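In the part that follows, the structures are each spelled out as structure tokens.
Both complexes below contain subunit A, partnered by subunit B and then by subunit C.
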Partner chain A sequence: MTQKFKTSITRRHFGALLGAGAATLAMPAYLRAQGRPRVVVVGGGPGGATAARYIAKDSNGEIDVTLIDANETFTTCFFSNLYLGDFQSFDDITHNWDQLVANHGITKITAYATGVDRAAKTVTLDNGDTVEYDRLVLSPGIDIVYDSVPGYSEEVSEIAPHAWRAGRQTQILKEKLDALEDGQHIVMVAPPNPYRCPPGPYERVSMFAHVLKRKGFENSRIYVIDPKEAFSKQALFEEGWARHYPGMVEWYGPDIHGGILNVDAKAGIVETDFDTFEGALLNIIPAQRAGAIAHEAGLTNEAGWVPIDPYTMRSQEDEEVYVLGDATVAGDMPKSGFSANSQAKVAAMNIRGDLTDANVFPARYANTCWSLIETDDGVKVGAQYQPTDEKIESVSSFISQTGESDELRKETYEESLGWYDGIIEDMFS
Partner chain B sequence: MSRPRVSLPDTAEAGEIITIRALISHVMENGQRRDSSGETVPRQIIHRFTCAFNGEPVFACDLDTAIAANPYFEFTAKVPESGTFQFEWHDDDGSVYTDERTISVG
Partner chain C sequence: MPRLRFNVAIMAIVLPALAAGIPAAVAAEDATEIEVIVESILAIDGDPAFGEYLGGECATCHRRSAPAEGIPQISGIDPQHFVHAMVEYREGIRTNEVMRTTAARLSDEEIAALAAHFTDRAAR
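And then the complex of A and B:
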């Protein structure tokens, strides 16, 4: 973390020496706005922050960039499982947009974007303001479909957290995990496809198990009630659970549990057709859909996600609106921070092409999802992608193998730490 | 440590064929694995599962070391009358885990 910070300071100093570009940025906002094309980015995560940064940085002040996010800080959902397992602190995974504003002349508005008028090309904010755009980038992430799990609601999530959007929810989950005593159980209800971070629930199970094992709890169990018949990196996780946490994790697919009938968070039970599971900690991860503004803007399909043009990340409904990350139907690409960051660079390039005379090159996308199973036991899955007329298509992929050496697994974990520092710099510096 | 779970209907018609599902939480240690200090972890599996109805055998099965953790059985049985299904899981360490469920026919 220290090293990352130092690098950022170096870049800021470099930015101050930019001369003409920097002088332009030093002008008052209302002057800058005259005549310059305006890009508004909603959502400051791996999609939005990256897009804002690349558009501002690479256009050398030719494009006016405004970033709208309701929060003052951003806690990454990626690596939040490592916070649960005590491999990262909450501060380690919490960042802000201050350097993005200082280094690239981006305007940050702290407000919740409530709607889009695509005819007038404006975004409405919850403080009553409207912001005009020439190109709009929506990177709203996911909304939780609370009622997809019987008995679950936003209110119940205070007791039985989903923690599938990082922040206070993650802290509630951590507090409950740390308060468990030996013999008390954890019940996780896993989400149906498609959802943010396919291996995430199972990495989280691993981190739960890591904490219980470290405390010497021999009588606590982790029950996973899954609506899916199979899950990401299943062989790797099952091998790791048997190796590191024998007997602790019990995974139930739909052909065994027969369906989730009810969650009673106060009583600490999850009722299934097969049996009733009791836990002092319930982690309920419901179905998901694109963040609310994508629906408000009228860009979503029947399943609740945004179809995009695979070549550019433009919405299929409106070529002046680009949509990034978890909210989209991105073909073979999973919903991940890495994917959103990769898509953001394609969108940024196309937006600069739309609004300035910048060159536009054929899109290439990439993703890797790392997961930590136990200390120094990291695994990964990933791919390279190209657009086709139908979808963003995987052209080559890789996945960790069962039975790999301890050295390789440690290398894989260390690679993930390097990636984290890299993407944070790519988003926020 | 090991907890059996059984699912079957509470009631049935006379002669009805019902589905019974039975699962036990068990590590099914196959005796091939080594622990972190390189020592072989001794075999400990559920090696036999039985189901009886009012004392009459309904279903029985011997398990071997290739069976994964938390063995799960699903089978059907014809229910002639009201009574009790008895289930037994036999562990290598000599313990026998049991569960039972009553069903009323009417």
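And then the complex of A and C:
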């Protein structure tokens, strides 16, 4: 921890002690001079939308909040696998920021942020505009590192979708899945760590299998070529695949396939050291890194992610810039929508503490990731976290067990439906 | 106030006893002890502002506007009912793992603050 964080903590305590009546006194003079303090949020996903909403809602108009997202709508990656499995429609998983504007006075700008000038405290947009901030929040999600898989590229992703950022990619994957005929195969190349949503690829495999099984396909296979030796909820997925989809899913770790040599999307093949896998549908999920704006802002480490202060979610490079969600190195927390939403509340509280006399309480974080294996067969993994000087650390955790009753699995699935409605309301209402 | 701390070994004895309907004095004693904790928490004057911050975690799953499928609404909940449920999760009587790990790190003061916050929400 660097010294610079300490100053703001002292000032925050000072603000807290003065109480509500002394708001203007506790506010630094430079802010009083220029009117309402301005917070700019780049990225309207679980990290950015939640942060914008909590800052605006809890500051009762004291802070001016601008949310910048490149799109008019937001399709959630979470539940996008359930869309593939026909448990959700595309509309069900597509939302917008209109309520944030109407209910909390947030300004939404639809533009792509191309750069951050941290000295001038401005964000530049692709429409040529410049937006000034007192505090900046970046929650840009991930960029796909296309060339981490030999033969893969952004262009090839139109034929062999990754669908690891939701939207058109997800629809391409769904169209290709629905077009399969019995005897045609699916090849998935799974991503290396760290990546967004650790159980995501394996939930997706389950939803692929669900669709093939429902159509009565007996001769189609799903091959998973994985760069990892083990994966999230592995025992639960393997048990579920054997139970619901016997013989349909074949998973290959690096010990067996020996490395991915090439993807030829037109020919529909994935070549590995061990064998060549053929599929009418290739789902290639490459390595990932923080969204481009985090790199532009000069906040990323060599691995391509943003180190943060575990107590506040401030970037370690700049105490006036907070970074959330998938883009960060969040210690033991996985890259999930739940995590991003949890981190956003800690950041929102600290930003209000920075800019107004709001109380700042000690950070705490939580995450739960639900996955659906087959109709009414839901599983979950989750943990509680606390900040330490080194990282955000897990303090207690749980995971569904193999052999659980059908009743419990159904309850777990229903709980995930409740969670989806809950987090959507928490982000967008 | 002594906090009940079931360890796994004790749970293994208590739960089958409950299921088998063997009204072991143990089970009755636990029920009483839970009541004692609940009463002592209800006696605390919870801080709704602190509760509002802590309640941010609840809002990820529990909708404010309506009950979510598979997850109950807690806005405006009766404090007695809320505190009772949270203590039962914390002490490992209720089984939902998300709620158990969530409640496990809440102190009596924090449960009281949450109760004050969620009760307060109904009034507004």
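As a convention for this text, the second predicted complex is superposed on the first by the 395 of 429 C-alpha atoms of A that agree within 3 Å, B and C clash if a C-alpha of one lies under 4 Å from a C-alpha of the other, contacts with A are read in each partner's own complex, and residues count from 1 in each chain.
Everything below uses one rule, namely that contacts are C-beta pairs under 8 Å (C-beta built on N, C-alpha and C of every residue); 3 or more make two chains touch, one makes a residue touch a chain.
Here the structure is a predicted model, which is why all the values come from computation and not from measurement.
Asks: Quick one: classify A:Ile256 as touching subunit B (first), subunit C (second), both or neither.
Replies: first
Asks: Touching A:Asp275 in the superposition: subunit B (first), subunit C (second), both, neither?
Replies: first
Asks: Tell me which partner touches more residues of subunit A in the superposed arrangement, subunit B or subunit C.
Replies: On the superposition, C touches more of the residues of subunit A.
Asks: Touching A:Asn219 in the superposition: subunit B (first), subunit C (second), both, neither?
Replies: After superposition on chain A, A:Asn219 lies in contact with subunit B alone.
Asks: Applying the touch criterion given at the start, work out whether A:Gly247 contacts subunit B, subunit C, both or neither, answering first, second, both or neither.
Replies: first
Asks: Could you tell me which stretches of subunit A are touched by subunit B in one complex and by subunit C in the other?
Replies: none
Asks: Help me check something: in the complex, which residues belonging to subunit A touch subunit C?
Replies: 54, 58, 338, 341-342, 345, 349, 359, 361, 364, 366, 368, 380, 382-384, 395-398, 400, 411, 413-419, 421-423, 425-426, 429
Asks: What residues of subunit B sit close enough to touch subunit A in their complex?
Replies: 1, 5, 7, 21, 23, 25-27, 29, 33, 41, 69-70, 72
Asks: Quick check on the complex: what are the subunit C residues that touch subunit A?
Replies: Touching subunit A: residues 49-50, 52-54, 56-57, 59-65, 68-71, 96-98, 100-102, 104-105 of subunit C.
Asks: Could you pull out which subunit A residues touch subunit B in their complex?
Replies: 219, 221, 242-243, 246-247, 250, 256, 258, 273-275
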